[in-house]
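Once you scroll down, you'll see the structures, which are given as structure tokens.
Each of the two complexes below includes subunit A, the first together with subunit B, the second together with subunit C.
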Partner chain A sequence: MTALLSVRDLTVTYRTSQGEVPAVRGVSFELEPGGSLGLAGESGCGKSTMANAILRLLPAGTTTTGEVLLGEEDVLTMKPGRLRAVRWTGAAIVFQGALHALNPVQRVIDQITEPIILHKTEPDEKAAEKRAVDLLGQVGIPANRAEDYPHQLSGGQRQRVLIAMALACDPDLLIADEPTTALDLMVQAQVLAVLEKLRGERQLSMIFITHDLSVLTYVCDRLAVMYAGRIVERGPSDQVFERPTHPYTRALAAAFPTIGDRESRMNPSGLKGDPPDPAALPAGCPFHPRCPDAIDRCRDAEPPLLPSGPAQEAACILARP
Partner chain B sequence: MTVVVGDRKRQRWVEVAREFWQARSGRIGVIILAFFVILAIAAPLVAGTDYINPVKARAAGLPQWGTPAEVGPLGTDHFRRSVWDQFVYGSRISLLVGLAASFLTILIGSAVGIVSGFVGGKLDSALMRITEWFLVIPFLPLAIVLAAVLGRSLLNMIFVIGITSWPSTARLVRSQVLTLKQRTFVDRSRSLGGSGLHVVRQHILPNVSGLILANTTLAVPISILTETTLSFLGLGNPQTASWGKTLEEAFVNGAIARNAWWYYLPAGVGIVLVVLAFTLIGQTLEQIVDPRLKDRR
Partner chain C sequence: MTEALVVVEDLHIHFGAARAVDGVNLAVMPGEVLALVGESGSGKTTLIRAIQGLTHPTSGKVLFEGKEADTRHLPDVQMVFQDPTGALNPRRTVSEIVAEGLRIEKFKGNEAEAVSTALSRAGLRPPERFLRRFPHEISGGQRQRVVIAGAMVTEPRLLLADEPVASLDASIRGEILGLLRNLVDTTGLAVLVVTHDLGLAWNIADRVAVMYLGRIIEVGPTEELLDSPKHPYTKALLSVVPETRGMEQQILSGEIPDPKRIPSGCRFHPRCPVLQSGESERLGIAERCRGEDLAIISADATRDAACWAVSPRRGEWPVRAEGGVI
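Showing the complex of A and B:
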């Protein structure tokens, strides 16, 4: 089966007043139709940058190299008109921070019909409105809230409106950028349930970005953990979460206490230190200054992504099957 | 599903109109403005042009400085002209200049502000330098020079007011657009395939419309007052009656010393009322247009 999305050796470099800052450094992955990939990692590790790079939404002056093949076409070399057509019909994004992603002075229904009318996926405005109400129903928002303004909805409802909007043009790929981050646990569960349901119904491929590993194992088949702009570990999500082979993934997984498990509650383990400044990465493995298992050899060279278990890969010289 | 059928857009306009009428300030503003608009349109029915002409007024035997009790509704001035007739026909000029000059101001100001803020870069720098150039020119000397060069006509008056008052609007709109441009919903609109024009129409314009509206309601009174000022300084069209010109002539010919209140009071009160009406309407509209202000009212 051909991949729906294949990203090859993607690098993104921001140009700032301090010079060039590499945010994503050579990431490759593939996503087959109907598959779902979770991207995990701390703040500032390049997750959102990569998500935006897939649809070329990065600010002007950012250099992006590599290939982002959506179907057969390379998004990075598309002409502007074609790019606009592909946005939302080929791949749609659920933004983080639902309040800011909605126009405060526009009614919810007008914001959902916006992509439909723009891409003319429905014959006329009336049909577009009908579709918008359908979509709202699918994400569990009653039709009588369609005429509301964003500030009249709750946080969870707003996030679901964004999901409805992302589905408006039947995209093949949905990129969810921290869709549950600002929500409380119950609402988070609702939003995740909606996403799961839609993925099952529509054979939607999904890239799910969050720092919460437990969320990812719930919604994603495969998991990729990013650190300092690179994928450091990937594999089937249960396997990565339960049997992490990279010390960073281990720290990330251990940071979530298991409810009911007395030991993990009494002994919450975090990772010391901050993620490295992307403008000044440490030599060798970028994780070695914070790594509990670091040995001298870690300072020499950045380890490549190599098999570390059945169907699992890790970029660590100590993680070998 | 019944919510979304049919003429939803028209229903919203009806709703806006109803809300407007329900707000007391909006209602008062509309009533005052309607009164003056009707007065201006129906001028030939309620007043005549004959007694604005001093020759005809003399021929008709009207007295100088006639009080309202002696002659007609609002007495006569030093030229025996009927003040009522001047007042009624003057309302036409004041409203016309006020609206047309504001339209010009808002049109140029908003266009420059939005383009400058949204496009940014070199175009922004160029447009802002031009704006600053207009901003630092002292208004009155420019108005006097322009009026002198172009001649004293109504159209020139509108042009002079418009050309000198757009820069502040442009800067205000630009700053608002600059902050809007950074908001996520603009990124979202781009990410769903919107072109620059689409983003401006769908997201930037609705978000600055409150500001533009507020500015319009400020611009109309300012334009009317500017027209008054220019006429008062003798830069208006000498052939047409306007409220500003009435005030000027009353002042110059000593109406205040003579206690001829009927000469200067109507024009003064007229200006105040029209300005008040626009301010009230603008305030109410702004509150209705911005859904976030609605709950706070």
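Showing the complex of A and C:
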């Protein structure tokens, strides 16, 4: 089966006043039709940059190399007209911060119909509106709220409007960047359930980005953990979460304790130090200064991703299958 | 029995028709971490503003060390906010930021020494390395430590922490929570932490109080409450925490109702799975759920839940601090 999305050796370098800053440093992965990939990592690890790079949404002056194959086509070399068609219809993105992503002076229904009309995925305006109302229904927003302005909706409803909007042109791939971070627990569960339902109903593929590993385990089949611009561990999500082989994944998995687990009671677990500055990465394995298991050899070279278990890979010289 | 540091008695705070706090009894003991758990709109923020003396009660009272809370207590009651970047003045150095509380208080002792002590207590060691830095020159985790140092410099009795780790990276979270717990254990400080993060409560809290629509609906020692929640709202919250595995998810529909229109009867009844599933009917309490408001949980209850299905005195409920069942 051909992959829906195939990212090959992707690098992204920002140009800043301090010189060139590598944000993504050689990432490769594939996503099957209907599959879901969770990308975990902390601020500055390159996960959002990568999501934006997939749809070429990065600011001018950023250098991107490698390949982003959506079906057979490379997004990175597409002509502007084709790129515009692929955004929305091929792949769509849901950003975090529903407050800011919606136009405050436009009714939500108009914001959803706009891409449908522009991309002509429905024959006329009437059909587009009908589709918009349908989409709102699918994310649990009743038809009588369609004429509302964003400020009349709650945070959770706004986030669901963004999901409905991303689905407007029936994309094959949905990229969700921290879609639930700003939401309350119960509302977060509601939004995740909507995403799960949609994925089942329409064979939608998903890339889901967050720093909360346990959320990803719940939503995604596969998990990739990023650190300092690279994937440092990946595999089936349950396996990665329950049997992490990279020390960084272990720390992330322990950061949000399992309630009821006596070991974490009155014993919060974290890592010393801070995520590295992408402009000044440590030599060798970039994680070694914070790594509880580091040995001398870790300073020598950056380890590649190698098998560390059944269908699992880790970039750590101490991780063995 | 130790004297409570803060006593909240039958507190009501209304803003026009909105009953933000609608009957709360609560005691905070010295040397404990109490997690106040609830979603947006539950009244947590209004409650902690009242403890600071920044919002006046519509009725009821807030006592701090036996006296009515007002802003004169502020050196004894300090606050840690969610977003350290927003909480720090970008044009002040770390030492000026930490000293601010002392200056407001017209501190007579050695300011430089107090600032250095606060910084090292907050884990910024050696303090000299940080004194002259500006907030943008240090990392997010260090910024939150500066906020904590600034709060600790006046040697408060109570720290109010509003989602202290929600905006921090996952790997830093544990270190900051460990710091808070350590301050409590070594100085006898009390921490009231407002959060919707039940994992945080599991990590550091001695007790948990769950708020819903202006009231505390369940309270108890952390392990007991999180291991065997009694209120259907607490149960539902726990079931959707991705960190609790193997529990069947119970996603409530809708959101917390408008505090201007608090439902009659049990305020949770329109969303309650016990009522919806017909369980209340079977227990013969459905009428009460819909029409009869529950008594406000008392401040000296060590374990209680405001639910008709559990609290009609079924043997173990509720339990008072002195032990024994009422």
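Methods note: the second predicted complex is superposed on the first by the 320 of 321 C-alpha atoms of A that agree within 3 Å, B and C clash if a C-alpha of one lies under 4 Å from a C-alpha of the other, contacts with A are read in each partner's own complex, and residues count from 1 in each chain.
The rule is short, and it goes like this: a contact is a pair of C-beta atoms (placed from the backbone, for glycine too) under 8 Å apart; a residue touches a chain by one contact, two chains touch by 3 or more.
Given the structure is predicted, the values throughout are model-derived calculations rather than measurements.
Bringing the complexes onto one copy of subunit A puts subunit B beside subunit C with no clash.
By the touch criterion stated above, A:119 is placed in contact with subunit B alone, subunit C being left untouched. In the overlay built on the shared chain, the residue A:66 is in contact with neither subunit B nor subunit C. Shared-chain residue A:26: touches no atom of subunit B or subunit C.
Once the two complexes are overlaid on the shared chain, A:289 sits clear of subunit B and of subunit C alike.
Residue contacts after overlaying the shared chain place A:307 against neither subunit B nor subunit C.
Using the contact criterion defined above for the overlaid structures, shared-chain residue A:34 touches neither subunit B nor subunit C, since it reaches no partner.
Look at A:236: by the touch rule set out above, it reaches neither subunit B nor subunit C.
Residue contacts after overlaying the shared chain place A:155 against subunit C, while subunit B stays out of touching range. With both structures placed on the common chain, the touch criterion links A:147 to subunit B but leaves subunit C unconnected. For the three-chain arrangement built by superposition, the Cα-centre angle with subunit A at its corner and subunit B and subunit C at its ends equals 80°, in steps of 10. For the three-chain overlay built from the shared chain A, the minimum Cα spacing from subunit B to subunit C equals 16 Å. Looking at the complex, you find that subunit C touches subunit A at residues 39-40, 139-142, 169-178, 181, 196, 198-199, 202-204, 222-223, 226-227, 236-238, 240-245, 249, 251-253, 255.
Partner subunit A is touched in their complex by these residues of subunit B: 1, 3-6, 8, 183-185, 187-195, 198, 202-203, 206-207, 209-210, 289-292. Subunit A meets subunit B in the complex at residues 55, 57, 84-89, 92-93, 95, 97, 100-106, 109, 114-115, 118-119, 126, 129-130, 132-133, 143-144, 146-147, 149, 151, 165, 169. Subunit A meets subunit C in the complex at residues 42-43, 154-156, 184-190, 193, 211-215, 217-218, 248, 251-252, 254-260, 264-272, 274-275, 290.
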